[in-house]
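Both complexes shown next keep chain A, but they swap its partner, so chain B is in the first and chain C is in the second.
And now, the complex of A and B:
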């Protein structure tokens, strides 16, 4: 197994002694612009027909229960769904603002962020951003604190709340093993009948997306969702209908989430070095003061006794 | 084996002396039947089966947690409030042992005990909430998530619990009559206190730091980059006001054990009230700076904004004014009242951050299940019972005649 950067830093930080905890935390926070050549997926929302074959394929390749209700049943689109412990991906339907045009279907799954919030949140490094681009999860160390669910800006990871013994966090893996070991495409990409999903190097995908937008300026909105959002993601979207109308959060900004805690974490070594000095000083000072007070008290007693 | 008075006794007698307060088992058992104990038993009769269901059927059977709301009452109340309110141990410990405020010595032991038990039961509460609680030591020994604020919290709470235990040990060893051990741990007190202050500063603020990653999920009035500072300062306030509350309660309930006269005790209460008032004022200013920093004034008119104002004006500024007035007038009773008010305000703040202002814009809102309440109440009850069990036996409120005070 190759050692990912996070794991490596984890090991160097693992010296374990309390004093080291703080400083290694700060180290691991150095800016990381991502592995070169990493893969991603581009979803073209103008192509998706809402057949939910990707949901089916995803369940199949990941040993999840088949999607409920089945893809033929269109009532599933009556409500907006999110990913859950049984489904790594869901397709939602949004009305087209232009009533003459068909509705827009949006496939939702883990975005495989360049600097994932979930990974920076996990206290046992259960998540790794692999050099291939996927963000993977390792259930064998997870303690189930669910901080990753709290942190993910896209509301993606789900938890097996109904399991007492071995509950896991559940989320899309971008079929990391399938891609890496078997040289196959992710299940959803492979099955999509209209090529709404394209798998490839992230840099190539950005170029492809830009080309489509430039060639068809009337068809596409001039924005690649995921190019810069939260510092960039491996999974990206282009669309003909404004993203805000399709349930995309446009307020996330471009700051990678680990940045939000970096300032705090780097103050830790400072506290660890300055506080002991300061409080020992205070202690010595107050002890000396008490001694002096005592001596003075004693000597005044003596004087009283003499007189 | 010897008793406190030094006579030689058998093991059974020793056991009676230590565990049954010198009574025979029958006498002791009879004395246990009080209204408080009956209520406590009833609570346990509900809570223990629920605990069983939690650990055999999982979180879904006992909580309303969802994928959108992964942290509920057990984190928001048991952990966040528990840790903040247990800050009395470190606040008072450093005042007495480090800053040399000897006059507070009579109340430092109960404060340290409250702190120690507080943390201990926070960890118990956490075990209910964790998906795989038996992996609690993983971040210490198996896998290290050094980029995580939670990693910091985990380490520091574990180390701090040990520090608090060291600070509590003198009382334990005096009770057991282990003089050599007692001498040894007393020598560690200053070190443990200094280490404890460092750890407290860090993990109290780190609990606020956890929410830094909830950037777009927490309402902007509560989300600021200063969250760690807010949590630290309000925990210091929570610690002080909890000491006021807890000491007035113990003075009433365990009055027969207490040598400190009422006047002196009131003086201490007022002194603590003064410190709390000052810190509350500072905290209020910080809250205002928080709103100004994000330029969120316009949000104050919204329903969430009014809720925010209620927290900040009604439960920070108002008890602060009452404290200032009560300290000036030297009215210890009112100081105690204001302290309880402040404690409620602190709980409100933690509940707001963890539940009400969190995901405020989602239709999917979290409301705790009754079993979540039941577990929280059970844990608090067991905590109170443990506190009482210890105070009835060990030299917490009185000074052991055989030993010199630590300072």
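And now, the complex of A and C:
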């Protein structure tokens, strides 16, 4: 049965019959392991030189304002930045624990989770995990609740608070349209002069990352960030410096975030459909019992009065 | 009779075994007949009998007998990716020599298949990225990964114009790395050795006076250890064993106390016989020919310059004292008594009028 988790979640909202819902839960959890040929990006932090060309290219291809300050200005690295409504990606600098070695630059953007928390938190299905791997956003249905901002384990989506009309949630799209319709690479990947970013099928990228780690055990930490974190992400990282020293959150676990709420959320329709029927039944039953008791009481009073 | 047969059999089998053994070790001397390495044998590069991918047991690079100097290009113009910037002129030969201090030619020419000459980059790295098989970086990525790793180390910069000149803009390429400020003297503490707690090392003397090549001590090091636009320079983290191995290449027969002294020592200056401009650039062994301890030589010029004669010796140029026609015609021994050139001649040996050098000169 080819049913996706997204379709399933939609179905559960509309489903009325409890039995059908229960069997769908079991099947969806058992069979869905993600789109087989989904794409991803591997960031090799040992190669990144911090030129911020990716920020520039990202702004260009997504019609965002050019990065401020300009890539020539190194003062930008004095503080750790986050993605915001005007930048889908930012590069931060972290000192190398070995003072003889150059600092480490870390590009930050949407990780495009295999099972996105933003999508599961969204009330109106504005987010979707595409077969190409990207997690995309549909502004036309968004109601602006910003649950996605709170749900994201990487604190990535940003909101256009300064727009009075039609504010949007802003986040990296992995250049979904460029990749799917124009057959191009994502803007940042295309421009990276040292190819610290590699675009390809996620399964190929994991192989590539493993090969690099095996070939250079002294150069790399034996960990692919994003292979298993929060159930796996399309954007992955390898590094020579421990991830925890580069601002990566290491206690996210490997359970997909939607998993935490699935039990509760899937019981909501059951509760909504069964509880009214059940309690109405209980109510009707007890009312009927009271009526009978009352009638019996009345008749016995009459009998007592008569006697 | 049977003894004879036995003896012959034993001898024959010994010969067969010997021939077999030599035939077995022969492959290492097999001569390569094609490709850029044709004409060389296996053990021109490999030091062991059976090189493997994990342990190719290669000699340090460049390997002179291979004749890389002839095979490898001096300069490569990289124009395959010409777009915004003018083609890059890559000084291959210079980088080859830099490779001496680093690990190998393999730093750039990695993944060389066995029996294959060093491949050019575009043999494996394509210009266009392949989404279907992203294992190899594109040509642009490969070039930048190779170059930037070292170039950023010493420049601490990632501006494109550090290597590239932009089209239409005559901007000088800034890729000249900072020169090496060589230390004159280094004093290392050696507290764990009671008899001498100081090791004085004269770096400049080892390079200039004793003519040691940098690679004799510095191998497999980062460029930044010597060339760095920022401070501090000279980051050599070596343990005691590494230091001992390095010094013992030449000073192996010395006692511990020869290096480990209680006080700093003065530099060797060749002060007993100051070197003139002709002798200064020479290596020690040019004059001190006997191997082992350098022995004092006779100060007589003829000891080394036995071919000098009245006819071919340019007195003015070499000694700085010109001779006029009268003095030129005389024999060397007329002034230099007993042909002892170490002792300076005086005028009064011939002239009675109490004239003396330098007020009076034997020429212009």
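Everything below uses one rule, namely that the second predicted complex is superposed on the first by the 244 of 307 C-alpha atoms of A that agree within 3 Å, B and C clash if a C-alpha of one lies under 4 Å from a C-alpha of the other, contacts with A are read in each partner's own complex, and residues count from 1 in each chain.
Operating definition for what follows: a contact is a pair of C-beta atoms (placed from the backbone, for glycine too) under 8 Å apart; a residue touches a chain by one contact, two chains touch by 3 or more.
Remember, it's a predicted structure, so these values are computed and weren't measured experimentally.
J.: Answer with first, second, both or neither: which of chain B and chain C does A:100 touch in the superposed model?
T.: In the superposition, A:100 touches chain C alone.
J.: Check whether A:147 is in contact with chain B, with chain C, with both or with neither, and answer first, second, both or neither.
T.: A:147 contacts chain B only, not chain C.
J.: Determine, under the contact definition given at the top, whether A:131 touches first (chain B), second (chain C), both, or neither.
T.: neither
J.: Regarding the shared-chain residue A:123, is it in contact with chain B (first), chain C (second), both, or neither?
T.: First partner only, chain B.
J.: Applying the document's definition of touch, where does A:198 land relative to chain B and chain C: first, second, both, or neither?
T.: Only chain C is touched by A:198; chain B is not.
J.: Figure out whether A:163 sits in contact with chain B (first) or chain C (second), or with both, or with neither.
T.: In the superposition, A:163 touches chain B alone.
J.: Chain B or chain C: which reaches more residues on chain A?
T.: When the residues of chain A touched by each partner are counted, B comes out ahead.
J.: Indicate the residue numbers of chain A shared between its chain B interface and its chain C interface, in ascending order.
T.: none
J.: Which chain C residues qualify as touching chain A in the complex?
T.: Spelled out, the residues of chain C in touch with chain A are 129, 131-135, 137-138, 140-142, 144-145, 148, 152-153, 156, 158-160, 224, 235.
J.: Report the residues of chain B in contact with chain A in the complex, numbered from low to high.
T.: Within the complex, chain B contacts chain A at residues 55-61, 63, 65-68, 70-71, 94, 97-100, 102, 129-133, 135-136, 138-140, 142-156, 159, 190, 194-195, 197-198, 201-202, 205-206, 209-210, 212-217, 225, 228.
J.: Per the contact definition, I'd like the list of chain A residues that touch chain C in the complex.
T.: Residues 39, 42, 47, 49-51, 72, 100, 102, 185, 189-190, 192-195, 198-201, 204-205, 207-208, 211 of chain A touch chain C in their complex.
J.: Quick check on the complex: what are the chain A residues that touch chain B?
T.: Listed in rising order, the residues are 6, 9-11, 13-14, 16, 18, 21-22, 24-25, 27-29, 82-85, 117, 119-126, 141-147, 149-151, 153, 155, 157-164, 166-167, 249, 251-252, 257-258, 260-261, 263-265, 268, 271-272, 275-276, 279-280, 282-283, 286-287, 289-290.
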